[in-house]
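In the two complexes below, subunit A is the common chain; its partner is subunit B in one and subunit C in the other.
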Partner chain A sequence: MPASPSVERGAATALRLAVSVLLTLFGLLLATFLIARVVPIDPVLAVVGDRASAETYQRVRIELGLDQPLYVQFWRYVVLVLHGDFGRSVLTRNPVVEDIARFLPATVELATAATLIGVALGIPAGVVAAARQGRWADHAIRLVGLVGYSVPVFWLGLMALLLFYAGLGWAAGPGRLDIFYEDTVAPVTGLILVDSAIAGDWAVLRSALAHLVLPAGVLGYFSLAYISRMTRSFMLEQLGQEYIVTARAKGLSERRVLWRHALGNILVPLVTVVALSYASLLEGSVLTETVFAWPGIGSYITGSLLNIDMNAVLGGTLVVGALFIALNLLSDLLYRWLDPRTR
Partner chain B sequence: MSRAAWAGQGWRAWLGSAAPNSRRQARLGEIYRFSRALMRHPLAAAGLAIVLLLVLIAALAPLLAPHAPSAQHLADRLRGPGAQHWLGTDELGRDILSRLLFGTRITLGIVALVTAIAAPIGLAIGCMAGYAGGWVDAALMRVTDVFLALPRLILALAFVAALGPGIENAVLAIALVAWPPYARIARAETLALRRSDFIAAALLAGASPGRIVARHIMPLCLASVIVRVSLDMAGVILIAAGLGFLGLGAQPPAPEWGAMIAAGRKYMLDQWWVAAMPGIAIAVVSLGFNLLGDGLRDVLDPKQR
Partner chain C sequence: MFYRCAAFILLLLSAPLGGPAGAAAPPDTVVMGKGIDDIVSLDPAEVYEVSGAEVVGNIYDRLVEGDPRDSTQIRAGLATSWSVDASGRVFTFRLRRDARFATGAPVTAGDAAFSLQRAVALDKAPALVLRQLGLTRDNVAGRVRAADEGTLVIETSRVLAPSLVYFCLTAPVASIVERGEALAHEQAGDLGNGWLAGHSAGSGPYRLRLWRPAERYVLDANPDYWGGAPANRHVFVRHIKEAATQRLMLLRGDIDYARDLDKDQLDAIAGNPAIRFDRGVQSLVTYLALNQRNPHLRRPEVIAAIKHLIDYDGIAHAILGGTRIVHEAFEPQGYLGAIDDLPFRYDPARAKALLASAGLAEGFAVTIDVRNASPWTEVAQALQSGFAEAGIMLTIVPGDGKQVLTKYRARHHDIFLGEWGTDYPDPHSNAEAFALNEDNSDAAQKKTPAWRNAWSDPAMNAQVAAAMAERDVERRAALYRALQRAHQQAAPFAFMFQLVETAAHPATADGFLIGAGPAENRYAGIAKR
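So, the complex of A and B:
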């Protein structure tokens, strides 16, 4: 029996998606490989030191595979990366993969908390702005959003520390936990909030929350700016449609029209917006983590940057890039899966 | 009708005429209508004002600044805002206001250079891809998509780390990650144009593909690219400031705003103004660009409202 046209179409779409994701990953690998090549440090000298003899230099050069043509070197690099070998960090002396596994959960915790804040505040703000289009509430929400697009995240973080930590004492300072709580909870997931809840250690949980609130709030503000803006424009599109007129005409309350009918219809595109915002928060966390001494992948990358620890920098770039691509793919798949029209 | 005939009705009527007699009248009328529309948009007008002020300050910085930007007075270090130093002094006793005023030159310079590199590259790639079609289009757009799908800030960071810190490398790195959206937009515009009659006419007249792209298509794609560039400028300013903050952008003693925040961080708890003032400057300037870009998009494309 021949496959139905819709199955065939689905297979073609899946194939196209797979090809595009593979190409993007290939591009990411190529970019990091080329970046490593333009570093003005001789990797051989870094190994042998500048007092080595010419023979030793040549021998190490061949051992490192640097005598091979570029495409062979690239191929070897790809094989190593696919085997999870990103080399060793000069700074921590650990394999980069181990370092990243240790630092990544902190970033995931931060970005997730920030996204929750952005969703919880951004969607209602967008709905209200659309409902009051052109009125002061709309302008106020728009301005709050535009400021979010304009303020440097690291500066906002510093000012938040100055005001809420040093000034008012409402939140805890830099870091993930108070010092005397560190390493008191056994890492299960690496997410301190989850781990301390599993262990039932509420003092640690409270300390972790107090430390999380400022960086998550700062990052969440940027997520809010994006989500509220997109929500507003999706809502405006819906509110102009005839079914809204019908709903109003048959006497539904304005609240029901807005929050059930219109919002219900934009949930699918909103899911993709939230996924994209999560991806951009992973990136935004680089600067935020530096300010809050948050021991995540962002701090790891910037710390390694300043010490020209390129294995660590490129490993971090690869992981964040791959997560970014995965989240983009996820938002695409969710859209296809949730929206009946694309089935 | 000659211009004299319009004299009784004034410049506005001449500019607003629906039936212009000359190319110049049509063009000036277009600019007039456009600026009227922009001015009716209060947020866009505010954005334009901020951007114009920024340009003015950059041009007149030596006249406006009360002190030399790098003059050190160690006896006056870390003074709070006051009559002598309106925004206070930094850890070397330099006047913060003067440094901010001179810093506009660095910020504007970075934005201008990034635009000058990224916009023509994006425009050329997009127009070529759109006009050529086929495998050229497919290949160029794949590359564009790959760049679009990668995290911009992190890639820029890695590039600067590899090339070495400094303002030139920061500009290069930002330009390298900034061009793909322009290519996408230019391609979309080109696809809409390539079947037009005037392109067919140019072809019949014997114009080469290169000439058609460069002389007939690229100028018409420029407007949409400019809108996108103005929307991106705030992002460029923020990335540049972020690189400066991490010590990868402009190097001291250059009065770059991001680097100034990084320097002020050490004294933040007691001398907040050293870190706070440059941040406000960055926020105001990128807000100006955001407002202007938003307004331009509203005015040029009513669909987006």
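So, the complex of A and C:
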């Protein structure tokens, strides 16, 4: 029996999507590979150090396959990746997959908490600022956003540590846990909050939460600044529309006009904003990770790049790229759910 | 399940408000904050990084050790006595009988021979230290041998200064590994290298419990250590890269030792009565290298002028604070034959006169390659300002550490600002690096700093060779002193500073020993009250 036209359309869309995702990942891999190969850093140095004999240097160069033409090196890597092998990191000596499984959850935990803070505070702040345009609440919220945009995250992190950790003693210090709780909970997901809850180890959970508050608060502030600014801008555009005037003329309460009608109509672009903010936190929180001694994927990729640890760089980039694509797909699905016209 | 979920939600809500969930370190446990992301392996045959050398120094023993009170002297390690025969090539070491590995197995000469043979056979980066003794993959099995259970014999390929041989054997690469443990974990003929990268098989005061790259390592004390049980039971070292974070954690009591405080952080806690400082001069020297392929930098007057355009004291005081001392020779202070002469002072007038005599009264333009990190960019700016006084227009070319090194190794720089640590605590290590270059061709096997700057002086090559073979310690020290004084005047290197390692800790903790190099830093004496 021939497939119905709607099933055929669905299959064609899925095929186009799969091809598009694969091409994007391949392009990302190729670009990262070429960039890492053209930077003027010798990858052999990361392995043998600065003082190895010419003989040792040459042996390692051959072991790393660097004596081969670039296209051969790239092809060999792609073949390995297709077999699920990302190779070993030169710096940690571990399979890259293991490293990513160790470092990525730390970043996901931090970025998720920060995004939750950003969404929970940023969207209401943006709505209030738009509703009170030109008044003190608007100015105050815009000032908060401006500071979030202008102040270096590194500095803000240090100030937060100085005030809330060293000064007031309200927050726990750097790291994901108090050092004596490290390795006391068997990793299941790599997310300490989840793993400690699964294990029922509330002391570890409490320690993890206490350590998460400050870095998540700092990153969440930056997320808040972005989300509130965009929400305000979207809301101002909606509040000038005729349907809002009509709703008000029909006697709907201001709360209902704002939170139901206007906010409801900006949810689609807001999803993109939140997804972008989340994605940028996944790979862009290197400085926060440094200040808070947070062993995340950003620090891992950056450290690997500076040492031309190619397997780690390519593996990390591929995973972060895949997360970007996944977040985009998730945004698309949410569009369809939020806006019936796109179905 | 319901109660678990309820407890989870309650904690979620209450933990951030309830302040930190502190788990204070017990008195028998030491916690350090330190940048340890340079560690790539903890196998002694492979360790070549600062942090890794410190770990290996604490979990393994060597035949002989440098004396921490006088780094020109050798003291007993696993060997209780050592001697060299009349030929000057056969060295005999008698091992102590009470030493045991962490597994309880006795340390034998067979283990010692295996360890040295293994390091040479694996041919990782630090194998170059043992190659100084003429040991190669082809000859090491015959030249390093156990005469009996307690006697090890090492035969060098030529006559070498005995002190050179002994100091080479104090390096991490000469650590003694338990043969049975290493071979039990051998994979594909790697002599246990893969396993030892993250485990220990030593007889030192600690054993390695855990190492997570770029996160932390944990050491457990060996209570049966032949040299006496350490004063603490556990050492936790957490990777904390940021100096300001280390300071805050020290002040809050979350770490007992902050290991990487920079000038600003040290200044901030200098007057704090609750904080103490352990300091030790280490073997890392800071220097400027002038590439002799640059026609201006090749002229002796220009080399001398540049050495008079460095504000040594000003930079040390204003930029480096207590982290460096002024030092103008290639041998680090504390080493055999080291000198503390300071022949150069900031003197722009003299530099101008020297440049004028070279026909460069108007100065010239030149670049300096420097790591894009504090304090090195600030030091480069200070040099730029000083050089401008004599008309030398210095353009700073900042780059990542590995990028700068790649360019330096390719001899593509004009001036290079860098640091150099010794490979082993013998004067030959730096003499070979800075004064020896017997093959200045691009295809040379040894790419020492002298080669990287295309500088070769046959007279100095001969002096280095003579000092390397001098068997009398006093005469040998005199040779190095003379070599350095000649080097200071003629070589295209301007040595400026030497590292002072500083560890900050509360008054309630004490006993950390900072040695002449990272491999000599010892945790065993640390006690908390």
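Everything that follows uses one rule, which is that the second predicted complex is superposed on the first by the 270 of 343 C-alpha atoms of A that agree within 3 Å, B and C clash if a C-alpha of one lies under 4 Å from a C-alpha of the other, contacts with A are read in each partner's own complex, and residues count from 1 in each chain.
Note that a residue touches a chain if its C-beta (ideal position, glycine included) is under 8 Å from a C-beta of that chain, and two chains touch if they have at least 3 such contacts.
Given the structure is predicted, the values throughout are model-derived calculations rather than measurements.
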Please indicate which partner A:290 is in contact with in the superposed arrangement: first for subunit B, second for subunit C, both, or neither. both
Just to be sure I read the superposition right, which of the two partners does A:31 touch: subunit B = first, subunit C = second, or both, or neither? first
So, does A:158 touch the first partner subunit B, the second partner subunit C, both, or neither? both
Tell me the contact category for A:171 with respect to subunit B and subunit C: first, second, both or neither. second
Who does A:308 touch here: subunit B (first), subunit C (second), both, or neither? both
Just checking: does A:45 make contact with subunit B only, subunit C only, both, or neither of them? Give me first, second, both or neither. second
Please indicate which partner A:183 is in contact with in the superposed arrangement: first for subunit B, second for subunit C, both, or neither. second
Overlap the subunit B and subunit C contact sets on subunit A and report the shared residues. 39-40, 158, 161-162, 166, 290, 306, 308
With touch defined as at the start, can you tell me which subunit A residues reach subunit B in the complex? 20, 23-24, 26-28, 31-32, 35-36, 38-40, 142, 146-147, 149-156, 158-159, 161-162, 166, 233, 236, 279-280, 282-284, 286-287, 290, 301-302, 305-306, 308, 310, 313-314, 316-317, 320-321, 324-325, 328
List the residues on subunit B that touch subunit A in their complex, please. 43, 142-143, 145-147, 149-155, 157-159, 161-164, 234, 238, 241-242, 245-248, 258, 261, 265, 268-269, 272, 275-276, 278-279, 282-284, 286-287, 290-291, 294, 304-305
In the complex, go through subunit A and note every residue touching subunit C. 39-42, 45-46, 48-56, 59, 89-94, 99, 102, 158, 161-162, 165-166, 169-175, 178-183, 197, 200, 202-203, 205-207, 209-210, 213, 290-293, 295, 299-300, 303, 306-308
Spell out the residues on subunit C that touch subunit A in their complex, using ranges where they run on. 4, 7-8, 11-12, 15-16, 18-23, 25, 29, 31, 37, 40-41, 48-49, 123-125, 127-128, 131, 194, 197-198, 210, 212-216, 236, 238-242, 244-245, 248-249, 251-252, 254, 399-403, 405-407, 409, 423, 444-447
